[in-house]
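Same chain, two partners: chain A is paired with chain B first, then with chain C.
Up next is the complex of A and B:
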């Protein structure tokens, strides 16, 4: 068992004994076998000296126990890092930012405090997974939907606190934006409630997020000045029906008017989440004509790509539009959307079936479950072994730059990122057919997943180098990542450097004031406590 | 007298066997519930189960892709994969799957096939 850096052996022993006094020995994990389960399963440093390894883990069951753990850690300067369900895979998993950390594992705190299907909110603890909240609602036949990310085994609280996202309407699928009130254990062990939760006996914790006075909730999302132990969320009324229609447009630059019109539809509340794609690229090896275009030292022109798409008898772009609500309203909204989109020459539509709830088993098997708020794990099929992927990796890293919500930005991002891959000598994860994810309500995220391997450090090193270069290239074009694994958090934060890192300096001032001993999540989001801060 | 004693012994042995069966059934039932909660989200039956798809691709039909249909699993094998992970399936912490949960899952996946409780419960919708 490793002792946290800078902690004396006697202090470590005393802290462990006091952790056990609070939690019982069953919930203080110190054996190598148990502690190894807190490694980041998708670490880009797997097996290398730089891999973040933890020293121990503690698993409290109540907010009061979390408070006591934090007080003990303060007494002995023990570094802590809290996880909810530990499923932030691709963004750090269950390990912290520095080796030697003690993980505060909140999985046992898995109570659904309240779900209201007349005022549409929930209050939950961090150990509640999306699957758990969904089952809670289904078991009680509540008329309310959740918005779930893909996959659905993560924590409702944890996902929100890392700015996670989902698939339904914009106001719900930005999971931190849809929160309402926090309960937080501060670095000194004090328990604080924000929003309406600060008012004893409040009746509106889950409804009105601001309470009174300045809001501090944002400090606890991707932050390191507290451990969130309860959180309220706004929920969506269960609709009567759901339907999709896929619009396709023939030419590459049709993407520009397509995004403009879809933006207006979405921001007017006329559609749910749109999903862009291309029927031209696809999985598997490209055909020889396409390979010749993509393997040239320069990017193909729009005309060449249009010719290729036409040769395949396929429209260049597609966008799935979604509607929720009464069938008659869906029909009207769909007709309006089509009328607007027909202004693009060659636009064509393929309607999905109108699905009335509850669905039949057959309908349920065919629908994109997250679009209707049903947690599932199907997204893992992309990375898992399959006929299309016979030699799977051991995990992945997400590179997640935010770009403007415009067709021009998509085309520019393709070019910029393809250039980086070409310069770095790595097969490109971006093609002229790549489209961004649309989870964010007000921007695109041009996400790409890099495979990582437990037995190929050379490949992992190459991936890290390309990842670093992509961060820089994105910043040079005015794009920044919304979320990133610990290995890259310093690099990403260093790109948010307006006015000589003014934002980071504010974060550091807050960190020093609230956590003077620097015990909580050192280095998270590139925010380091004073004693570990490096010179810039 | 000897007959009565033999009959009593037989009844006692039968009762003990029934108790053992009942305990085993309890462990298997608990394991089935735990399997549904912790494993079936990826290793369930039907579309959208990446674990089942992966095992179909791995074994090509030579071994059942659905773990619940396997008859060659051992407790050690089950423990190994839950605590070590494989490919993109991560390992599971003891706060997620405790040693008792894991023992129950192993009891379910290695259950005798004539057990009355072998039918998997319906997946939650």
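Up next is the complex of A and C:
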């Protein structure tokens, strides 16, 4: 069993005994076999000395137990890292930022406190997975939807605290934005409630997020000054119907008016989440004509790409639009959207079926489930070796830069990132057909998934190098990552450096004030406690 | 449309390297490691209908009395409709021949319900599909969610 760094053996033994006194021996895990469960399955350092490995784990069942654990950790300077369900794959999994951390595993705190389908909110504990909340709603036939990420096995609270996102309307799919009130165990063990939750007997915890006075909730999202033990959420009324229509536009630069119009439609409430794509590039190795274009020392021109798309008899871009609500309202909104988009020459539409709820089994089988708030695991059915995917990896890292929500920004991001891959001598994950994800309401995330391998540290090193270079290249163009694995959190935070890292210095001041012993999630988001802080 | 699945597919199809699945050693303390040879101890055998090897394994276990659950790559329905409810109160053993993805999910859920991998073996790959794994998940004693 590893001892946390800087902790004396006698103190470690005393802390473990006191953890057991609070939780019972069955909820304190120290064996190698138990502790191994908390490795980051997608670690870019797998098997290397830099891999973050934990020393032990504890699994409290109540907020009061969390408080006691934190007080013990403070007494003996034990580093803690809390997880909800620990499914943060691609962004660090359940491992902390430093080896030797004790994981506070909140999986047993899985109570749905309240769901209201007349005022549309929920209050849950961190161990509640999207599947759990969905089941709670379905079992009670509540007329309310959740907004779920893909896959759906993660924690509602944990995903929100990592600024996770989903697939429906903007106000719901930004999961931290849709939160309302927290219960938090602070680094000294004190239990604090925020928003209306701070008012004993409050009737609006899950509805009005601000309460009174300054809001501090953001400190606990991607932060390290508290362990969230309850959270309120706004929920979406279950609509009567759902329909999609895919608009296609023929030319590369049609993307610019397309995004402009779709933005207007979305921000005026006329559509749900749009999803951009291109049928031209496809997956797998490009055909010879496209490969010849892409493998040149310089990027192909718009005209060349348009000619290629035309030669394939395909429109360059497509965007799926989504509507929720009564069928008559959907029909009106869809017609309005089409009228607006027809201003782009060559725009064409393919309507999906109007789906009235509840769906038939066949409809359910065909629909994109997360778009209608149904958690699922279908994403894990891909990755199988195939002619298009001869080399399945062991996991992936997400590179997630936020770029402006414009067609111009997409085209610029393609160029910038293709240039980086070319300069680094790596096969490019970006092509002239790449589109960003639209999960964020007011910006795009130009996300890329880098494969990681457990048996090839040399390749993982190359991946880390290109990842670091991409972080810098993005920052040089005014783009910053919204979330990143622990291996890159210092690098990302270092790009948010306006006025000589003023933001980080504020974070460090808060960290020192609230967590003077630096026991909670050291290094998370690049925020280190004083005793581990390196000179910048 | 471009979904998270597409992004992942794009990543996974990047022509970077040949790869093989690295499989952790089965936990030596797991109980009921006899499940492969005694289908009566299994709650269910998973059959991914996309793969002949999986179908053959399931049919063989079914002939010995095991209950078979069929799926096609996506484990969601079996998990949500069936296993998640059963494991809440009864951490029963399951087995199957699947690709890595479904097993990856089941293994992590199993950890939270007091089960671990008891048997795990890569099968020889025929054709172009991903390595298939024959596995048994069986009750363990610790680190449960409920």
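The criterion applied here is as follows: the second predicted complex is superposed on the first by the 526 of 536 C-alpha atoms of A that agree within 3 Å, B and C clash if a C-alpha of one lies under 4 Å from a C-alpha of the other, contacts with A are read in each partner's own complex, and residues count from 1 in each chain.
Heads up, the rule we're going with is that a contact is a pair of C-beta atoms (placed from the backbone, for glycine too) under 8 Å apart; a residue touches a chain by one contact, two chains touch by 3 or more.
All figures in this text were calculated on a predicted structure; none of them were measured in a lab.
*Asks:* Fit or clash for chain B plus chain C once both are placed on chain A?
*Replies:* Here the two partners, once superposed via chain A, clash with each other.
*Asks:* Thinking of the overlay built on chain A, is A:289 touched by chain B (first), by chain C (second), by both, or by neither?
*Replies:* Neither: A:289 stays clear of chain B and chain C.
*Asks:* Taking the superposition on A as described, I'd like to know which of chain B and chain C A:381 touches: first, second, both or neither.
*Replies:* In the superposition, A:381 contacts both chain B and chain C.
*Asks:* Touch check for A:318: first (chain B), second (chain C), both, or neither?
*Replies:* After superposing on A, A:318 lies in contact with chain C but is clear of chain B.
*Asks:* Could you tell me if A:429 is touching chain B, chain C, both of them or neither one (first, second, both, neither)?
*Replies:* After superposition on chain A, A:429 lies in contact with chain C alone.
*Asks:* Who does A:456 touch here: chain B (first), chain C (second), both, or neither?
*Replies:* Touch status of A:456: second partner only.
*Asks:* On the A-aligned overlay, A:392 touches which partner chain: chain B = first, chain C = second, or both, or neither?
*Replies:* The answer is both, since A:392 touches chain B and chain C.
*Asks:* Just checking: does A:34 make contact with chain B only, chain C only, both, or neither of them? Give me first, second, both or neither.
*Replies:* So A:34 meets both chain B and chain C here.
*Asks:* State whether A:42 touches chain B only (first), chain C only (second), both chains, or neither.
*Replies:* First partner only.
*Asks:* A:275 contacts which: chain B (first), chain C (second), both, neither?
*Replies:* second
*Asks:* Count the residues of chain A touched by chain B and by chain C, then name the partner with the higher count.
*Replies:* On the superposition, C touches more of the residues of chain A.
*Asks:* So which bits of chain A does chain B touch that chain C touches too?
*Replies:* Chain A residues touching both partners: 29, 33-34, 36-37, 41, 57, 59, 85, 107-108, 127, 131, 135, 152-153, 376-381, 383-387, 389-390, 392-394, 396.
*Asks:* Which residues of chain C touch chain A in the complex?
*Replies:* Contacts found on chain C: 1-22, 24, 27-29, 72-76, 79-80, 84, 99-102, 104-105, 108-109, 111-112, 125, 128-131, 142-143, 145-146.
*Asks:* Which of the residues in chain A end up touching chain C in this complex?
*Replies:* Where chain A meets chain C, its residues are 26, 29, 33-34, 36-37, 41, 57, 59, 85, 87, 107-108, 110, 127, 131, 135, 150-153, 246, 275-277, 283-285, 318-320, 368, 375-394, 396, 426-427, 429, 435, 437, 447-451, 453-456, 459.
*Asks:* Quick one: which bits of chain B touch chain A in the complex? Just the residue numbers, please.
*Replies:* 41-42, 46-51, 53-55, 57-58, 83, 85, 87-96, 124-125
*Asks:* Help me check something: in the complex, which residues belonging to chain A touch chain B?
*Replies:* Residues 29, 33-34, 36-39, 41-42, 57, 59, 85-86, 89, 93-94, 105, 107-108, 127, 131, 135, 138, 152-153, 361, 364-365, 369, 374, 376-381, 383-387, 389-390, 392-396 of chain A touch chain B in their complex.
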